[in-house]
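Two complexes come next, and they have one chain in common, chain A, joined by chain B in the first and chain C in the second.
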Partner chain A sequence: MASKSRLLKEARECAKAPADLGISLQPDERNIHTWRGHIRGPSGTPFEGGTFELTLSVPQNYPLFPPSVRFKTKIFHPNVHFKTGEICLDILKGAWTPAWTLLAVCQAISALMADPAPDSPLNCDAGNLLRGGDLRGYASMARCYTLDLASAPARQLS
Partner chain B sequence: MAWREQSPERGSQVSSWNPGGPASHRESTLDAAESRPAVSVGEREDFVDAPKTSVSSISGAGEESLTSRPHTEHTVENAEQNPNLNTDSTPARPTDDQILAQENSIREAVAESSPFVGDKEPLAALRKEYEDGSAVFLQKISTLEEKYQAIRRTRGDGNCFFRAFIFAYMEDLVQSNSLQERNRVVTCMRQWKPRLIAAGYQELVFEDAQEMIMDQLNSLGTADPVMLPALETNMRDAGVSQMVVMYLRLLTSAELGQRQEFFSPFILGMFDDCPSVDHFRQRYVEPMGEESDHVHIVALTDALQVPIRIVYLDQSLGAAMAGVGHAEGAAVNHHDFVPEALQNATGPNAIPKVHLLYRPGHYDILYPSKSA
Partner chain C sequence: MPVHPTSLLAFWAEVVALCCSVPCRYFFSRRRCDKGDDCRFSHAAAAGSELERFEEPCMFYARGRCTEGDFCRFQHIRTEDNRVPAADRRTPSECLDRLQEGLESLSLGQSTGPDGCAPEALGEAESQLQEQLHAECEAQPLCEEFTASGSCREGDDCSKAHGNWCSSCSKYALHPISRLAYLNHLGECGARVRHSRTNMDASRAVTCSICLEVVLDNPDKGQRKFGLLDCQHSFCLTCIRQWRSNTDDQVDLESAVRTCPICRCTSHFVTPSNTWPANDEEKAAIRLAYMSRLAKIDCRNFDFGRGICPFGSSCFYRHADRDGTPMAQQVRWYNTADGVRKSLQPTLLSSFLENDRRFFNLRR
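For the complex of A and B:
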């Protein structure tokens, strides 16, 4: 199966990823189609200091079709569903290309954390704060949730 | 980086703030204005430049199609988080997994009804499609029949150009038993490896697909009668066919990326939503299922140095243009896509051996008559 060969290569690549990337990513030991990732909250954002866990479920026809990615750690962000952790990101849907890798997807999600797109919110409370220009309100809510829910010792990112 | 590019826009939206809001989000903006106390002006601007982004390599990832989310979401979300709203009337939004599952089941249904590449059929099969249809089409098919004898259909899944092209090309290699041409294209693909890396693709992204297409090519060119059925079997196999299409898309995209100056006038003129060639590559070339246009065809013919003839079957009556038509009947236009390096050449390589039939939105393979 093409997806398996590709995923094994990606797993090797991820093991070599530099620590300062702020992303760790590895497949489940028993199932190469389920991956777990950790993103360090980008510095200079309300998520700084937090570590956010992601689950990636990779379809059999990967890389022709995108993985399905969710935040497992709760996060207050306009483009992440507060309850389900679902992420609204174009490359996970129609703009997916086989040139992306799972690691690049995590980098894109990290970039999305720093650059929210409040005009297409999955979390309207977060989106409304930003659309209303209340950046301070947004930042303090997001920071509050980061401190409360995402600040367990970041052992995965040594 | 996206944040900094957006900042001025966001600033200007804030200063010209009105509850009507920016076009496509009018309703949800109104909701927001009603359910939330007004924000004091002084607080609005002071955060704009604050966040420093740390990942800068993946620009543009989060934008354009984000805005295409349906409006129902806003309503659902508001309902969930605001207990005062009545939630009963709002249907639950399907999850991404459900949407993907549905898309997969649709694809499977299509797959069962038509293979990636069909069987070779006499051109009469095409006439049959239009028996009760447009007279223009029937006239044009008559004109086509003077030059072409058969057609092979491809699946209409947005990848038909790539699939039709590579099948027709490989089939010609089998029929002509041309080891020279086969070796040329294999060498060409081998030379693409460093070029793909230079174009920014990680090796792990394309190496499996490249090996697969080279294996296919290397197995051709021996005058074995089982060769054609074997080719048909392989190119109908999802594992092979899809990877081959993916590889051709990456080649096309890399060719566009490396000759931006040449291609950008075509792309920026034709696709309103593409601010750059790179954006076009990521949005309309690399994703599977995105349909091909002239730009894709030019880039692929250049990338592989293989000329292609496209024959156009449509409603137009432009008899004045060059075509395979004749004086009285309806002329059928065609266009030869010949790589620049071959344009002044006279050898057999300069004459298109791949003939594709274009009907608006779809490409199939055409087979010239022996006498033509």
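For the complex of A and C:
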């Protein structure tokens, strides 16, 4: 009950969010506990120019428990599982606090895209490239996948 | 005989089902319940049922006022013993009348005196007496019993002044004779009322960072309370308590649950408050008042020295004997073979001799 009123409030806040944030977030029409978000790839990163879709499933006892967030668009990033889209981020697990909102979670994911943590990889290929110091290799791989899977023309085609 | 888990479950289900139909006693008597929607007892049944009234008079009403108002289950009548005698309600004008009476009797006595005084001397004596009487009356402190309750066991013979009703603090606290004390009290009361009003205005805008609602707009009146942490961030009492009672393995206890959800500063306890403190001094005062309130309640874990309180000497509740003597808990520690430090339950020889249940079970 409490989660529903808070989610409605967050939905109103998200509608008012500035466009230059690069994040759009809205709940499913039929189920307030399922949200869909789009993150524009942060500029200055290999993901620039891509738009990444996220699915957020919010538990009934939200905000006491974190939402589970997955990338729907495939992304080459050390902390995102390439096949399932699972994200390894501390605030979605042990470091969650109820003061986080869904919009803030998306901002944190956007920050994670700009600043990957290769020491706890879900995508070992990306992690190994970064840990080996091959920044150029990582950037070109990520850029390639972004152009292939996340850029606007590709999305239109699919 | 061991109880089968499924039968235990069924038993609990039965208990819960039974509770659902029982009216909530808090909602019943006060028309509010701190548990709100989470209460296991029925609020609908409580709201529908007529309040059961007692025959006895309400002691709080008799002493002055009762916070329960119409929902009080005791009789709101002023009995003959505690009704305020009319003579006790002295107004300054009445006191001056008395003074006048005294003066008249004095002047009568003087004028019928054998030697007969000159009118000037009489006037002087009169003014002297007046001053003296007035000073005496002015210096009289207010009777505390009468101030709080509106009645005094001494009645008319009370050596202290019986105040008049002050509507802003709801006490008989206005000095009947001393103009200075009267004005002082009015000033103090006014300042307090103004202060609390500005405080309430400031509190009205404060939102909870967990439910994102304005704390004082909660539909449940019992939940319009702030939970204060060591930092400056605001939360509903229920929200922050819910978050801090989160024992899920997924969420880290030390770094997330025990800390402020916004700034992650560690707070060891939450202080409930009806208003949002404007500064640190006010917060400290609220906290001190809360702690002193708790220090009067006997600790359930300590159980008058029979139990163990895991909080030891830092427990907020009272650790005392049945007659009120403070008792310090002696915690004995020992190290296990693995190097783990553990506390030892205190064992009293007397409890062993008195067939304490613990030992009784052990011996059997």
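Operating definition for what follows: the second predicted complex is superposed on the first by the 152 of 158 C-alpha atoms of A that agree within 3 Å, B and C clash if a C-alpha of one lies under 4 Å from a C-alpha of the other, contacts with A are read in each partner's own complex, and residues count from 1 in each chain.
One rule holds in what follows: contacts are C-beta pairs under 8 Å (C-beta built on N, C-alpha and C of every residue); 3 or more make two chains touch, one makes a residue touch a chain.
No experiment lies behind these values; they were computed from the predicted model shown.
S.K.: With chain A superposed, do chain B and chain C clash or fit?
M.R.: After superposition on chain A, which the two structures share, chain B runs into chain C.
S.K.: Quick one: name whichever of chain B and chain C touches more residues of chain A.
M.R.: It is B that touches the greater number of chain A residues.
S.K.: Touch check for A:Leu64: first (chain B), second (chain C), both, or neither?
M.R.: both
S.K.: Mind working out whether A:Arg136 is in touch with chain B, chain C, both or neither, as first, second, both or neither?
M.R.: After superposition on chain A, A:Arg136 lies in contact with chain B alone.
S.K.: When the two structures are overlaid on chain A, which partner does A:Arg6 contact: first (chain B), second (chain C), both, or neither?
M.R.: Once the two structures are laid over each other on A, A:Arg6 reaches both partners.
S.K.: Check whether A:Asp28 is in contact with chain B, with chain C, with both or with neither, and answer first, second, both or neither.
M.R.: In the superposition, A:Asp28 touches no partner, neither chain B nor chain C.
S.K.: I'd like to know which partner A:Lys93 touches here: chain B for first, chain C for second, both or neither.
M.R.: Touch partners of A:Lys93: chain B and chain C.
S.K.: Taking the superposition on A as described, I'd like to know which of chain B and chain C A:Asp148 touches: first, second, both or neither.
M.R.: neither
S.K.: Which partner does A:Asp125 reach: the first (chain B), the second (chain C), both, or neither?
M.R.: first
S.K.: With the two complexes overlaid, spot the stretch of chain B among 8-16, 26-34 or 350-358 whose C-alpha atoms clash with chain C.
M.R.: Stretch clashing with the third chain: 350-358.
S.K.: Considering each complex separately, which residues of chain A are in contact with chain B in the first and with chain C in the second?
M.R.: 1-2, 5-6, 9-10, 63-65, 93-99, 101
S.K.: Spell out the residues on chain A that touch chain C in their complex, using ranges where they run on.
M.R.: Counting only chain A, the residues touching chain C are 1-2, 5-6, 9-10, 63-66, 93-101.
S.K.: Show which residues of chain A lie in contact with chain B when the two form their complex.
M.R.: Per the stated touch rule, the residues are 1-2, 5-6, 9-10, 13, 22, 42-45, 57, 59, 61, 63-65, 68, 79, 82-84, 86, 88-99, 101, 104, 107-108, 110-112, 114-115, 117, 119-125, 128, 131-139.
S.K.: Which of the residues in chain C come into contact with chain A in the complex?
M.R.: The touching residues are 37, 209-213, 233, 239, 242-243, 246, 248, 250-252, 255-256, 259, 261-262, 264.
S.K.: List the residues on chain B that touch chain A in their complex, please.
M.R.: 1-3, 6, 14, 17, 21-22, 24-25, 28-29, 31-32, 36, 39, 43-48, 50-59, 61-69, 73-74, 77-78, 80-81, 95-97, 100, 104, 201-202, 204-205, 208, 238-239, 242-243, 246, 249-250, 253, 282-283, 286-288
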